[in-house]
Each structure stands twice: as C-alpha cells, then as structure tokens.
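Please go over the structures that come below.
Each of the next two complexes has chain A plus one more chain, namely chain B in the first and chain C in the second.
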Partner chain A sequence: METSKLLNEKFSLEYVKGELVRTAYSTEVNLLTKLDPRVLLIWYSYFAIVPWFIHSHVVLIGYLLFMIFLTYKAKVSPLILVVLGLGLLTEMGIIFLISLLFGGNFETVLPMFWLSIKLGGISLASVAVFTSLNPEKFSDALLRMGFPSAFSFSVAYGYRILPTLLEEFQQIILSYRLRGQAPSKNGIFYWRKLAYYLIVFIRSFYPLILNTAKRSRTTVEALETKGFSYAAKDSEMIKLKTGYLKLTYIDYSFMMISVLYLIIVHALHFVL
Partner chain B sequence: MLKERYVLTQSQKMMVFILSMCLYGLSNMFTELVPSVNIGPIELQIDCFAFIPLALCMLFHPLYAAIGASTGELIFGELMLGQFGGIDELEKFILFSLGMCIGGMIIRNAQSRSQVAMGAIAGYGIFLVLSTIVDIVKVVIGVEDFEAVPGLAESIYVVEGVEFLTDLIFSGTLFALLPTLYLVPRLYGKIEPLLGMKPRSNKANYQINEIITPKFVLMSLVLSVIAFLATTLAELDIEIGVWEPEFVDTYGTQVIWIVIGVAALCSIAIIAYLLKKGKDSSKEDMSNIV
Partner chain C sequence: MSKPLIEIQNVTFQYPGSDVRVLNGANLIVEEGEFLAIIGGNGSGKSTICKLMNGLIPHFYVGEFEGEVISNGHITTTHDVATLSKSIGYVYQDFENQLLRPTVLDDASFVPLNYGLSDFKERGKWALQVTGLTHLANEFVWQLSGGQKHLLALAGAIAMRPKVLIVDEPVAQLDPQHAKRIYDVLRTLNEEYGMTIIVIEHHTEFIAEYCKSVALMDQGKVLWKKDVREALCSVEDLISRQIFPPQVTMAAHYLNRDTAYPITIEEAVAYFQLNLPAHTFLPESVKTENSAVLAVKNATVSYKTLQKQMKKALNNVSATFHKGDQIALVGNNGAGKSSLLKLLTGIVRPTEGSIELFGKTLKKISPEILSNDVAFVFQNAEEMFIDDSVRKEIEFYLKARKVENATALVDQILEDFDLTSLQHQDARLLSGGQQRRVSLAIGAAMRPSVVILDEPTANLDIATKNKVVLMLQRLKKHVDTIIVATHDMQLVAEWANRILVMHQGELIADDTSEVIFNQQEILNCAGLVPPQIVTLCHELNLPHCATIEVFLDCWRQVEQRGVLVGN
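On to the complex of A and B.
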C-alpha cells in the first residue's frame, strides 16, 4: 500500500505533465542553449549516426563519457533519464534470460552490453540536444537548412500547443471520471482499474479529436492570413526570417573542442 | 460513370496534417512514458495508439493523415522527450506512414463496420510485419560476430517473434481494432464540417496514382536505400581511422600520445579562452560555458 502511494505521488499525471513541459521548454540557460541551433543540429547528426559504425570499445566509452558530461550540463529531467535507463536495462535483461534458455552464458550478453553502451551514448546525445533547443530557434534552423516548411512549422507549433493539449486532455479525462463510476474492486493485478482507465483514456480521444479539429482549422486560417504557404516557399523570405542566426565565438569553440575531443578518443583507441 | 475525385485544397491538407500530428503526438508522448509490463519473456506494452492515425486516415486523405501522424510521433515522442534514435526513426517514419496509409486507402465506406475493421487490422498488421523484419535485421547487423555467439541468434528470433504476436493480438485488438471501430462511425460526418470539407463518400474517389506520385515513390525509395546502406556499412566493420595501424607501426605509439597531448592542450587553451572571455564580457553565468 505504502509503495503504491509513493508511486502514485511520483507518477501522477501532474508530475508527468510538469516534467514534459519542463523538458519541452527548457528556458534555463546552459552550455548548449547558447549555441547556434544549426551547429547543434549538425553536431547531433554526427553523434546520432557515426556511433553506429564504430565497434571500438574505447571509442564508444569515450563518446558515452562526453554525452554524460553534456547531459549533466544540460540539466535533463530525471523522469526522462529513468525511462531511458529502464528501457536499456530491461532490453538487456530479457535477452540475457532468453539466451540462457538456449544454452548461452554471460558471454552472450556481452555484445548486447556494448550495443547498449552505443545506444546509451546516442540517446544521451539526443536528450541533451533536444532538451536545450529553443523551439523557435530550432524551427528556424530547420527552415534555413532546407527542411519542408510544414515540418519546421510543426516543430514550433508542437512545442507551443503541447501545454494546451495536455490541459485539455486532462480536463476531458477528469470529466469522464466524474461522470463515470470507477470499479470498487481492484481485481487481480489491478486489471479492473487498468481496464477502466484505459477505456476512459481511449474514449477521451473522441471529444479531443473534435476539439483539435476546430483548433487546427483556426491555426491554418491564421497561417493563411499571413500568407504561409506562399511565404514559406520564397527563399528571400526565409533568409529574412532566419537572419538572426549567426555563428559566434562560442559556436566555433564548441566545434573545436568537439573535434579535439574526437581526435583524442580516436587516438586513444590505438594506444590502449 | 466518371467518379468525382476527392480533392483537398492546400490549406485543408495542412489542417489534416496538423490535426493528425497533434493527436498522435500527444498519445505518443504517453506511450513513450508508460512502462511496459513483463510476464516472463512476453512483454505487454502499449506500443502505440494506432487507432488515432487509423481513424484519421479513414476519415480524411490517407496520405496527409499518415505523414502527419508520423511527424507528430517524431516531434512529440522523440524530439521533445529527447529520445530521437537516429537512423531507425527514419525507418519507423516510412513504415508507419506506409501501414497507416494503406489502412486508410482500403476503406471505401467509413460507415461499414466490416470495412473499418479490415482496414484497421491490415494497416496495423502491415506496419508490424515490416517493423519486425527491420528489427531483426538491425540486431543482426548491429551486433558484431552475431553468428559466433551461441544462443544469440535463436533468442533474437524468438524475442522478435513473440513480440510480434503479442503486439498483433494485444495491441492490435485493444489499441487498433476496437477503438477504431468505436471512433470512425461516430466521427464520420461530424468532424469534416469542422475542417470545412465534405465527408469522404464512397462515391467521391481519389486516384491512387495521385497519392503515389513518382516523387513520393522516389523519395521513399531513396530514403530506404540510405537507411539500408547505412546499416550495411555498419556491418562491414568500417571504422574511422582504419588506416592508422600502419602509421602506428612506423612511428610507434609515442606519436599518438603526442597527438593526444597536443589536442588536449588545444582544448584546454580554448576552455581557458572561453572562461576569460566570459568573465570579461559580462558577469552573467558564462561559467556555464565550460
């Protein structure tokens, strides 16, 4: 009973909501928020793709350490880190248990362990980068880099609309719960409660879909008043809109440090 | 009789896109955070609330609803939570859009329950089959000396197979089939006026070659090939700096230590410069830079 109470407090909808909003709106200034978003995106695309081609253990650990440092600096929400860690650990645990059935041993899980290190580095890179990207800047950087305008708009819009959507969704769920009757018994493994909440959850989407439809019409109408679909195709217009994106000495230093760090790590591979 | 074509204006396409993106994105945020329940090797997990894109694909233009949903997943579920996984997100984007799009295209009459059920199962099933295949291929490629490790190959196949079946039976009925059956007939005719368009009737038809344009096919082909090449390259054990062993032989390891030392010195110099500059320019928390 005690633990379930604690879990309820820790994992209430309020808490999750708060953490999500905090993650999506990192307003705190940190190392990564000061960088030009384009630099950050290019930097990230290196660290998201290249680790897949690396099998050297030294290099992988080097990458992971770098990412841990940046994640610490970016003040990532603990909820997200826990979800990430649990995912990696359970994946490994399951594979290990099943390979035991097929006559494997500790050796079997070793390749999976290195795969997890690899995945951990990549995931931490994305956590650090995307929690510290300002949505507006992010969207403008995407636009400048030639992504489709609908996509770059969606990024900024998604970040902006999220609190409203969450609020509305919570209201609908609460009103369903007020009008409905929760099961008095929990059942085995809480299945009655779970089923009840799932049904409420799914039903809540019916009003939500209708409300969102109205809102998306308003949004598109507002966009069209500003001439969105024509302006977004005009390169002069994009240049004007994203003109404030400038590289500063911080960007150059960050790139230099990253490159130097990479050189160190890759060189260590041949020594150790 | 020539059938009337189902045409949307530019802004209506955008509306469908945004609607689908917001809704599926929101639901995806929850599924990313809800922990999965393990019963032995069987994992009961809310993989995705596929009913939202399925319902929207059946009600509106399937292509825009499907791409919107995938974009929503990318933005809300991955970027915002910082769980962007790199190459495999591209694959999921393509596969998910494809599955949902097919699910929506099969439907001719959104009020016929049997058609809706068929579309839901087909859409979700196609997505699952494709992603299971990709998952297996990914592990085979991602793990070095895959064949050499005893028991690993079999365990991967079993895990993926069981996961596919539980997903299809558990998530397929609970989160794809039943909710879609509940939502689609209820929303049909109610939601379209809100977006200022007519319901998709079985008389008005859209042409398949209008959805699957050469550009669309080419794009998805190129993207798939890139994703595939990337994963095969990983398999080939190509490492950055593979030329260097000869270099080590000729000059000895000392040279490498020198390289490391120089790089470390340079980075310390840059950090020192940043610290100094930060102190000079303002008394703000520029020390965060380091």
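On to the complex of A and C.
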C-alpha cells in the first residue's frame, strides 16, 4: 500500500511532464550546453553511427564509460535513465526468451549483452546531447549547417507546441476520467485498471488531433502575416539569425579531448 | 491634416463554400493616428473586414471578392500578404496560436528577422520594453501566463513598428487588471508612437475610456463611423444589434433625459448628482446556512516548479459550500482559483488538509470518486469534447454508468439547453456560444450535486454571455450548488449570492457581492473592478444596486423623495 502510494506520487503525469520538459528544453546549465550546438551535433552524429560498426569489446566499453561520464555531467533526468534501463533490460529478456524457443541457451545471452552495451552507449549519447541542446540553438545550428529553413523552423515550432499539446492531452484524458467509469475491481495485477487507462490513453489522441488541426489555421495565417514566406527566400536572414554561433576555445578543447580519448580507446584494443 | 491610411471601397466577399456574403458592400476609411473600435454582432463581418487590410483576403482566403482596398498606399489585390504586413501588425483573438517561437525574445523579434532587418534583436527588445516584458526575455513561451502571452503576441506584432495595429478582442480572456494593462499599452502606442490602432471589441466600457472613434457593422456593411461619444450615445442603434453601451450610458438613456449621456463613470457621477447626504447602508452578509454539500478544510496544495522549488498554490484554505449556494470565485490570474477548482474535483490532492463530501471526510481522493457528485466544466470547452456528436457527448457519462432512461434524460437536457436541433453535429464545429452551451449540458447530464464552471463567459460576446447567464438559471434546477470561477464582475453582481475572493493562494474574503464591492481594500488587493452601476451607486451614496433595473427604481424613488422634501 505504502509503496503504491509512493509510486503514485513519484510517477504522476505531472512529474513525467516536468521531467520531459526539463530534458527537451535544457533549462539547466551544464558542461555540454556551453558548447556550440554545431559541434555538439557533429560530435553526436559520430557517436550515434560509428558504434554500430564496432565489435571490439574494449572499445565499446570505452565508449560506454565516456558516455556515462557525460551523462553524469549533463545531469540527465533520472526518469529518462530508468526508462532507458528498463527498455534495455526487457529487450534483452524478450530476445532471450525467443532464443530459448529456438533452442538457445544461456550462451546466447552473451552476444546480447554486448549488443546492449552498444545500444546503451548510443542511447546515453543521445540523451546527453538532447538534454543539453535547447530548441533555439538546435534549430539555428541546423539552419547554419545548410538544412532548409522550413525544416529548422519546424523543429523549433515542435518544441514550442509540445508543452501545449501535453497540457491539452492531459485535459482530454481528464475529461475521460471525469465522465467515464473506471472499473470498480482492480483484477489480478491491476489488469482491469491498466486496460481501462490504456484505452483512455489511446482514445484521447483522436480529440487531440482534431483540436490541433482546428487551431493550426491561425498559426498558418500568422506565419503569413509575420512575413515567414518572405524570409524563406532570403539567405541574408540565415546569416543574421545565426551570427551569434561562434566556435570558442571550449569547443576546440572538447573536440581535442574527445579525439584524444578515442585514440586511447582504440589503441587499447590492440594492446589488450 | 490627417490622410486616409486604409480605404475600403464597396467590398463584397464570400468565403469559399459558403453562400452567405460576409461582406456586402462594405465601405470604411481609417485615418492615420486613429484609435478605432469596430463593433457589431456575431457574423457581422468584423474580423473579415480586418483581414482585408493586410491582404489575407483575397490572397489567403480565396473567395469571391469584389471592390477595392488601398492599404498604406498599396492596392491589396496586387501586393502579397508579406509585403502588406510590413506596415500592419495583427493580433488574433486566439493569440496563443500566433506565438511561433520557443523563447520570448525570439518570438518578439521574429517578424523583423523575417524581413531581414539587421537590428531585429533591438526591435524585439524595444517591443518587449513597450509591453513591459523585458524581464521575461529569455523565458520559454509556455512558461508565461495568459496575460503575458497576450502581451507577447502584441510585442511580436509591433516589433516592425507598423503603421497600423489590428487587435481582435484584446480583453476577452483577461482579468480586469491585465485588460487595463493591454489597453494602456495600446494607448501608449497610439499617442507616443503615432500608431493607428484598430480593435474589435465588445466591451464598451473600454471603448469609452480608450478609443477615439467607433465603426458599427451589421450584415456585412459598415452602418456608420462616429466619434466615440456620439457612437456610444446612439443607444438604440447599438442595443438593437445586441451591443450594450456602458451601464451608466444605458441607465441615463432609460431615464430618458436627453441625448448627451455620460459614457464614463466620472461623467456619470456628475450627471446623476443628487446631493444626497452621506449615508452608510449596512450591507447584507451571507446568512442562509443550508446543509453542507462540499467542504475543504485547511487545505494546502504545493507543487514543484521547473527549478525544483516547492511553491504553494493554495495556502490553508477552508470553505464550505451549501445547498442553494451560487458561488463566484474571483481573483487575479494566478491567485489560486484553478488550484481550488482542481482540488474540489479531485484532480489535485491536498498536500495538507482534507475534503468533506456531505459532511464525511474523504479517505481517498481521485477524480473518479468525486465525479459522481461534482461535475467540472472546463474553461476551454473543446477539451471536453471526446465524442463525435453533441448527443453522444452528453450521454457519455450516463452510458458509461448504464443509467436507465438515459434517452429520456438526454432529450430533456438537450431541450433545456436549446441543443435539440444541433444534437447530431460535431461539437467542435459549433460557434463559441453553442460550444459553451454543450459544455454546460454535459455538466448537467452528470446529475451532480455540485457543478463547477471555469470562466463560463470568457470569449463570448455580450449577447451570448447573457444567454449563458440564463443557462446558469436553468442549470440550477439540475443541481444543488454552482461554483463559478470568473473575471466577469457583471456576472458576479447579477448572479452570485456568495463571493469567494482569492489572493496569492489564500482565501481573503467570503461574503455577498454587496459587502465585497464595498470594501476597497479587498478590491485593490485582488484587482477587482466592480461593475459600473455598483460603483456609481457607491459614489452617489445610494444603496447597493446589482443591475441597471434596480438602479433605475432606486434612483427614481430617491429623486421623488428629494422633490417631495423640496430639495
């Protein structure tokens, strides 16, 4: 009873919302937020892609340790880490169960363990980077790196509208809760309640999408009156807007340290 | 002297797919430096005529367009919206949807940036300074309150220093203090920066105080454009189109003295002056103590902010709601009204304290448990629509509980709320007033003991608002207690028999409107502005009058007595 109450308070929708928002908007300053967003994006594209082609255990562990360190430095939300951890564990469990069906045994766990290490490293890199990139800088970096302005605008707009959508989604779920009838019995493992809330959750998307569609009319009109289509033709605007993005000594040292660390890790592979 | 900035000549317009002419030979001339209010009933073409000015019509809405519009020297049919918008700022009624960037300063400087001006940041900063948002420059847009968002939409529209600023219903969603602030900003822009301001407005009290001229629209035409005083004194013209002049003007009109009516409270005090001896009337307090339905006891609600600090949304609040109570919950934005409503409906749990239902303390608090006795009608009706027709919305609750005779009950409710003819339509596609009626009907269909309404009259024009007040009377036959959170002091004065005043998470007063409107400290503290007629009575040393009718009776009596005494 007590634990369920604690869980209830810790994992209220409000808490989840708060943590997501904190992650998405990087409201706190950390080591990575001081970097130029372009550096961060390039750095990220290396650590999101290259590990897939690496099979050396030493290097993978080296990558993972680096990511753990950065995750710690980036003050990633514990909620995200728990979800990530759960995801990796269940994935491993499910694949293991399936492999048992096909005549596998405990030895099959081992390669999966290394896959999880790889995935873990990549996921942590993603979380650390996106916790530290605020929407403004993110979209400006994309713009400066030559992505179309409509694309970078959409990214920024996504960030702008996300909390509004979350809020509205919460209200619609509430409408279902206030007018619907929750099952009076919990059932084994709360399955009745869980099923009920799952259905409410899914059904809430439908009104949300309709309301959003209706609202977007003003948004599109406003874009027009704010001269957005005018700017789309203008490359001067990009220079104006992203003029503040400048590489500093922090960026260079971060790059240097990363490269140095990579050299050491890869060298260790041959030594060990 | 002044030259026409906008000329609309004989414009006829029909939205695609509609067979009604929204504009039907409309003519309007706006001079430079004007502060113009456009008034008119629903569907008279107010918003449409404003969308002519920046070319949204006919470029964005491609309907059947005839006539000519010259805006700042450009003929709108030959220039695109972006070019025309350089000199015209537009603030929408649903202003939240025009905030497009994540942070405040970025949104304010978005327009000059789009036009490639190198000083875009400075322009954005200037706009924030004029609107008083400088201290929020680096905040995220979603962290702002409703009033701040409106100011930001305004800042975004003026950053180009346009010649014309169009604002669609500036105060519809704001509390009186924020509404006044918006208008003060508009006045500054008009007087100090020479901007021409055009507002679409229902609130004639604001028109009287701030605007210089008024254009009345009816059925797609501009009937007349007059100086503000002359316009508001054309009482018959206005009332026949469901527009209500300031209360003091109406009162003077009904007394039928002459045609030069007062339009502001200061003028009214001089106009109605009776030289009565100062007399203090003892206001009546709440006295009826019927059985308690719902109560909160010493409730405190705390929450964690993004910066991980604990903040108290409610601080040690106690209140008991009785059978027959018609309660208005008032106070500024952020005073804790919503938190109290959420507490009463079980959406948030008290950090300390408890909730009692019919005298029993609730052991477990959840929306599911309380929803059997307490119905909550949201401010934004759209968020209550979870099915695809009005009828299904209303019967959702009954069906979920497999109530017998649900069909008959729903039929009855549909009739009570004038929704029978709309029952098979999707509620999202109805007009604002109709949506509000549906949301009230949903509340009534839950057959609750208590119904809680969050801002039931926000965003409605006065005629529709009066209808909602009528609906509140009908709602009374379905429930024991009604609690309304509102900024609308006219609704408070005319409808409520008990007022709770909130300020900074605390309940600072709980009494009749008569008592509360007489206590200047409370009014100042909570930022309340009583209806004109109440203030007038107070100034004239007359007894409290909640409505114009009561005032008229009272005034006639006093006048007669004065004549008899030989005054």
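Going forward, the second predicted complex is superposed on the first by the 248 of 272 C-alpha atoms of A that agree within 3 Å, B and C clash if a C-alpha of one lies under 4 Å from a C-alpha of the other, contacts with A are read in each partner's own complex, and residues count from 1 in each chain.
Operating definition for what follows: a residue touches a chain if its C-beta (ideal position, glycine included) is under 8 Å from a C-beta of that chain, and two chains touch if they have at least 3 such contacts.
These figures come from a predicted structure and were not determined experimentally.
When both complexes are superposed on chain A, chain B and chain C end up sitting side by side without clashing.
Touch criterion not met for A:S152: it reaches neither chain B nor chain C. Rounded to the nearest 10, the angle at the Cα centre of chain A between chain B and chain C in the chain-A superposition is 100°. Once chain A of one complex is fitted onto chain A of the other, the partner contacts of A:S56 are limited to chain B, with no touch recorded for chain C. In the superposition on chain A, contact of A:I263 is made with chain B only, not with chain C. When the shared chain is aligned, chain C comes close enough to touch A:E136, but chain B does not.
Shared-chain residue A:R177: touches chain C; no touch with chain B.
By the touch criterion stated above, A:K34 is placed in contact with chain B alone, chain C being left untouched. Contacts of A:T242 after superposition: neither chain B nor chain C is touched. Of the two partner chains, both chain B and chain C are touched by A:E224. With both complexes superposed, B is the one of chain B and chain C in contact with more chain A residues. In the superposition on chain A, contact is made by A:K214 with both chain B and chain C.
Closest contact between chain B and chain C, by C-alpha atoms in the overlaid model: 5 Å. Counting contacts by the rule stated earlier, residues 157, 159, 203, 210, 214-216, 219, 221, 223-224, 229 of chain A appear in both its interface with chain B and its interface with chain C. Interface residues of chain A, counted against chain B in their complex, comprise 16, 20, 23-24, 29-31, 34, 48-50, 52-56, 73, 76, 79-80, 83-84, 86, 90, 94-95, 97-104, 107-108, 111-112, 115, 118-119, 122-123, 126-131, 150-151, 154-155, 157-159, 161-162, 165-166, 169, 198, 202-203, 205-206, 208-210, 212-217, 219-221, 223-224, 229, 249-250, 253, 256-257, 260-261, 263-264, 266-271.
Residues 54, 56, 60, 81-83, 85-86, 88, 90, 92, 94, 96-103, 106, 110-111, 113-116, 118, 120, 140-142, 156, 303-304, 306-307, 345, 347, 367-368, 371, 375-376, 378, 380, 382-386, 396-397, 400-401, 428, 442, 446 of chain C are the ones that touch chain A when the two sit in their complex. Per the touch definition, chain B reaches chain A in the complex via residues 10-11, 14-15, 17-19, 21-23, 25-27, 29, 32-33, 35-36, 38, 41, 43, 49, 51-52, 55-56, 71-72, 75-76, 78-87, 139, 142-146, 149-152, 154-156, 158-159, 174-175, 179, 182-183, 186-187, 190-191, 194-196, 230-231, 233-234, 237-241, 244-245, 248, 253, 256-257, 259-260, 263-264, 266-267, 270-271, 273-274, 277, 285, 288-290.
Within the complex formed with chain C, the chain A residues making contact are 14, 18, 21-22, 25, 27, 134-136, 156-157, 159-160, 163-164, 168, 171-172, 174-182, 203-204, 207, 210-211, 214-216, 218-219, 221-231, 234, 236-237, 240-241.
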